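Next come two complexes built around subunit A: one with subunit B, the other with subunit C.
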Partner chain A sequence: MQDMLRRYGPGLTLLMCLLVAFWLIMLVIVPNITLFEQSFRPYLPVTEIGGPRDTYSLGNYMKVFDGRVEKSILGFSYTIPVHVYTFLLTIFYSMVVTVLCFLMAYPLAYYMAKIVNPRSLPTLILLLFIPLWVSEVLRAFAWWIILAFKGPLNALLQAVGLIEDPIRWTNMGYTGVVIGLIYTYVLFMLFPVYNAIQSLDTNQIEAAEDLGAPWWKIHWRIVLPHAKPGIASGSVMVFMLSAGSLLVPSILGSTTSQWFTQTIDQWFKDALDWNTASAYAFLLLLLCTLIVTLAMWLFRVKLSDIAK
Partner chain B sequence: MHKLRQNLSHLYMMLFLLYLLLPLVVMSGAAFNDSKLPSIVPWKGWTTIWFSEMIADQRMMKAFVNTLWVAAAVAVISVVIGTASAILINSISGRARTVLYGMMISTILIPGVVIGISTMIMWTQLGGLLFGPDTRPWPFIPGLHLSVLGQVSYISAMVMLLVLARLQSFDAGLEEAALDLGASHSQVMRRILLPHLYPAIGAGAAVAFFQSIENFNVTQFTRGGADTLTVYVFSKVRSGITPTINALAFLLIMVTLILALVYEVNRRRKARIEAAREAEARRAEAAEM
Partner chain C sequence: MSAGIDLENVCCDFGTFRAVDNANVSIRPGEFFSFLGPSGCGKTTILRMVSGFIEPTEGTIRIGGKDVKGTRPNQRPTALIFQNLALFPLMPIWENISFGLEVRGVDKATRRKKAEELLKLVDLPGAADKMVSQLSGGQKQRVAIARALAVEPQVMLLDEPLSALDLKLRQHMRAELRAIQQRTGVTFIYITHDQGEALAMSDRVGVMSQGRIQQIADPREIYNNPVNGFVAGFVGENNIFEGQVQQAAGGMASFVTPHGTFRARLGDLGGKAGKLYVRPEHTVLSSTPATENSVPVTIGDISFEGSFIAIHATTETGAALTSEIRNDGSATVPERGARMFMSFDPARAAILPDANVRG
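Now for the complex of A and B:
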């Protein structure tokens, strides 16, 4: 701080501090505190705000437990509150997306870091970047076209004789959502993993080869442990983006695939109940953070490794 | 065996690229199909009607202009905030640095839904507190300016990371020397620090601009009645679409491709010059021996 004052003088230092303060206080901290505060208040008509009924309660959070539905897994049937069910499925399918993204991205990340001719690498990276510049809504829309009942995927599969009748892809639970999320976020896994593998000394791999290690053991004992921070940051990114996505589930979802963000959206836009929407949004933030922290503890990764 | 694995990995790379790019080709192709529904099968013949319909679509053009304004505003504000934050983070240390840095980074991970709702609620509540609920003046009503503020809250962190990385290669001794030679504080900033940071600032502005165009979650909750392109496309996709969206997608993809091509040609030219220079140096060295 002293250093900054000496270099840039009191005026510029104050200006920079004010800019940072505006960002962190007005755009991050106070909005989140307001969200938290509002989530404990009931949804009331304007005239009653501040009146006797405007008291703090856990009412909005309790709405999560309303409306039980009957479900069955493996023959066991049980009842579960519908919003809890939505939340659990959102988390579950976000994890599925994260794992599939990793499985798809890892071979390519290794290829980019260790196999490809370094001279053609910039061209490859440029090609990979093209879908990233095309906006998310259009990428989801592209899959909407592909997966349509009379769309190109069904036509192709029928033409090669893999299926007899067209399949309703976007009416099979979460299939469409998972396909769309993977396509949208797989690159957020690829680049961190690539960065991590790239910093591995190739001599280590060659030494292991010379000593007779089979290829899977080289990956398991050398490359994967080295790439762990990259895998962790890619996974956190993909998981949080998937769980927080509203576009992809809304475009590619079926009648039976409700995403938790869609529930929040309905409280906010359809019911106009901002207070309950706040409570649900806060729950999403809190629980996702908890899950990420838990996963990082399980895999023994530190936050400082991720932000590198 | 080794050879086989190598060929398999080349094949995998090809398949992956195909997987990434083919959906974009399908989407672009549907822009030229003379069919009421956006698809490439069945092919009903070439047409460019969807492009003229797109230009006639007033709402889309309005949304497009809005998007550019929002993106420009986000780019300017987050570059200023992000650069200031990076300089601040770079010149403090210890616990304060860890806490501030952690807070800045965490904004990237906050779900957009949460950012959108919290920004909306805070500004409308603040307006209600200051002016009463019915007579809130401009900045306290829903609208695209709130979308800008919401987007800035996490895009600033991305700019901050880029500028901070660039600051690592900055020699603070240059500033000392300038101060010793009698430069003023603002001269140090303008003539020494900022020129070193320009590449990162430029990259930050580009990232901020495109992140803003992409953004849906924050905009959806704060926009009031205004449209941006993303929101408009979304509403079109949900409520019976014509292939005008495909025409738009085709144009956007073309712009991306042209920019990518220019970048690639430029890079290759530079690489060639570099290689020629190296060869020259090697020849000179050999001649000396």
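Now for the complex of A and C:
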């Protein structure tokens, strides 16, 4: 703070502090606190707001346990509250997206960090970034077209001879959603992993090879452990963004796919019950944070490693 | 087990730049061989070709008589010690050392035992469970050596491993390295730009410049009988006189310089021009001229170096010369500004060609 005052003078320092404070308070803290407060109050007609029935309770949160449906896994059938079911699938497929993003990003990150000629690296990074310049909506629609029944992907696969009849990609459960989410968020995995691998001393890779290690051993014992913080921060980002995405599941979802954010959206827009919607939103945030914390503990990653 | 290494007409190009040009050397099993040269002379490239990280553009490399063309570093019986050591910071010391054994599928208990044995060999017992960051520079050095020895290589390749250490430790590690080499009998190939290191440790030294091996000989021969001006100038100090060979007979020649005509040993000039080289410690300063090889000089700066005293002087034409006298009281140190004669024994001076370079 002293340093800032000396460098920019009192006027500019005050302006910067005020802007940061405005961003933090008005755009982050106040909206969240408002929703948080609302989530404990019942959904009431306007005239009754502030009346005797307007009391705090966990009622909105308990609504996730309403409405049981019958499902079966491996011939074993059970009943489960429909929103819990949606939530579990959302978490599961977000994890699938995270793992697939990692599997795609890791080889590319390694290639970029250690193999490619440094002179062609800027071009490569630019090529990766160009899709980000297009809006998320357009990119989701682009995939909707690619995956269409008579779209280019089916045409290509048929031309190559891998499939005989076209496949209904966007009507196969969560397939479309997973593909869309990977495409949208894979770069959030790629860059942290790339940064982590890039900071690894190439001599260590060579030393391992010189000591007789085959390529997979070098990755398993040297590169992956070194890149762990990067992988963790990429995974947290991809997981959180996927679980919180509304656009991709809305556009690329099938009749049998339901994302938890869509449920929240329905409470907001269809039921106009903002209180329950808020409760669901906080539930998602809380449980996702819990899952991330658990995963970090499981993989022995510290928060300070990720923040680097 | 140790193996010899033969380089036959080995060349290595990076694009249009020739890093190593026609290297021929035969390193004997169990030998401590150093490549000595300034940075960029191609010595590290040779090391990386032997370890397998670079393929030679031309020529053959044999390890233990076998052509190693096309084999990866992990298939060669060599172990490389990197300049920055490249220890694995996320593994404890014993895992670092036994990494090569882990790769070979040795079970954990045996690995641990072997690591502890090696730690004893490099004089670092009890460090097995420490992390790399807890060790000092010299200790890391020892771990790197132990890690390389663990795979029982036939050849150890060392890429300036002592350059990061301070002077005292470096001198200590020199002796240590030499002792480890003799204890294990493994062939050591050592890369350095430090002539002191190369001369003190090696059985033989290969001096390199601009991709070419200039001279291969034992340390004394390198110092006493350099084959050309580069070797003479890079290894130790020299006074250099420019001039022309006039009469040559029986290995000696007269050499005409602006400072007079000198007699000196005649090196293999190969038809090229040469210069006369004489080491500062082989010159004598006196108040009267000697019978031959005497130059009148004016004494300039006198610098006290501990074991010897360096006396800088200038000739009448302004050329700078240096003489060294031992700090044992046997000679009086001249005064600054005194006019004296610098003379040298013809047998201790040599007329040599310039460095052996391309083109």
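In the analysis below, the second predicted complex is superposed on the first by the 288 of 308 C-alpha atoms of A that agree within 3 Å, B and C clash if a C-alpha of one lies under 4 Å from a C-alpha of the other, contacts with A are read in each partner's own complex, and residues count from 1 in each chain.
Note that a residue touches a chain if its C-beta (ideal position, glycine included) is under 8 Å from a C-beta of that chain, and two chains touch if they have at least 3 such contacts.
All of these numbers come straight from a predicted model, not from anything done at the bench.
Because the two structures share subunit A, they can be overlaid on it, and in that overlay subunit B and subunit C fit beside each other without clashing. Within the superposed three-chain model, A:Leu246 lies in touch with subunit B and out of touch with subunit C [touch as defined at top].
Remark: in the superposition on chain A the angle formed at subunit A by the CA centres of subunit B and subunit C amounts to 80 degrees, rounded in steps of 10.
Contact with subunit B, but none with subunit C, is seen for A:Val30 once the two complexes are overlaid on the shared chain. Of the two partner chains, subunit C is the only one touched by A:Asp201; subunit B is not.
In the overlay built on the shared chain, the residue A:Gly212 is in contact with subunit C alone; subunit B does not reach it.
By the touch criterion defined above, A:Val193 reaches neither subunit B nor subunit C. Comparing subunit C and subunit B on the residues of subunit A they touch gives the larger count to B.
When the shared chain is aligned, no partner comes close enough to touch A:Ala113: not subunit B, not subunit C.
When the two structures are aligned on the shared chain, A:Val223 is found in touch with neither subunit B nor subunit C.
After overlaying the two complexes on the shared chain, residue contacts for A:Gly11 are found with subunit B alone; subunit C is out of touch. Here the smallest spacing between CA atoms of subunit B and those of subunit C, following superposition, is 7 Å.
In the superposition on chain A, no residue of subunit A contacts both subunit B and subunit C. Residues of subunit A that touch subunit C in their complex: 201, 203-204, 206-214, 217, 221-222, 225-226.
In the complex of the two chains, the subunit A residues touching subunit B come out as 1, 3-4, 6-9, 11-12, 15-17, 19-20, 22-24, 27-28, 30-32, 34-35, 38, 46, 49, 104, 107-108, 110-111, 115-116, 119, 122-124, 126-131, 133-146, 148, 150-152, 155, 183, 187, 215, 236-237, 240, 243-247, 250-251, 261, 264-265, 268, 274, 277-278, 281-282, 284-285, 288-289, 292, 303, 307. Within the complex formed with subunit A, the subunit B residues making contact are 5-6, 9, 12-13, 16-17, 19-21, 23-24, 26-27, 30, 37-41, 80-81, 84-85, 87-88, 91-92, 100-105, 107, 109-115, 117-122, 125, 133-134, 149-150, 152-153, 156, 172, 175, 179, 184-186, 188-189, 210, 213-214, 216-217, 220-221, 229-230, 233-234, 237-238, 245, 249, 252-253, 256-257, 259-260, 263-264, 267, 271.
Contact residues of subunit C toward subunit A in the complex are 51-53, 72-75, 78-80, 82-84, 86-88, 90-91, 99-100, 102-104, 147-148, 150-151.
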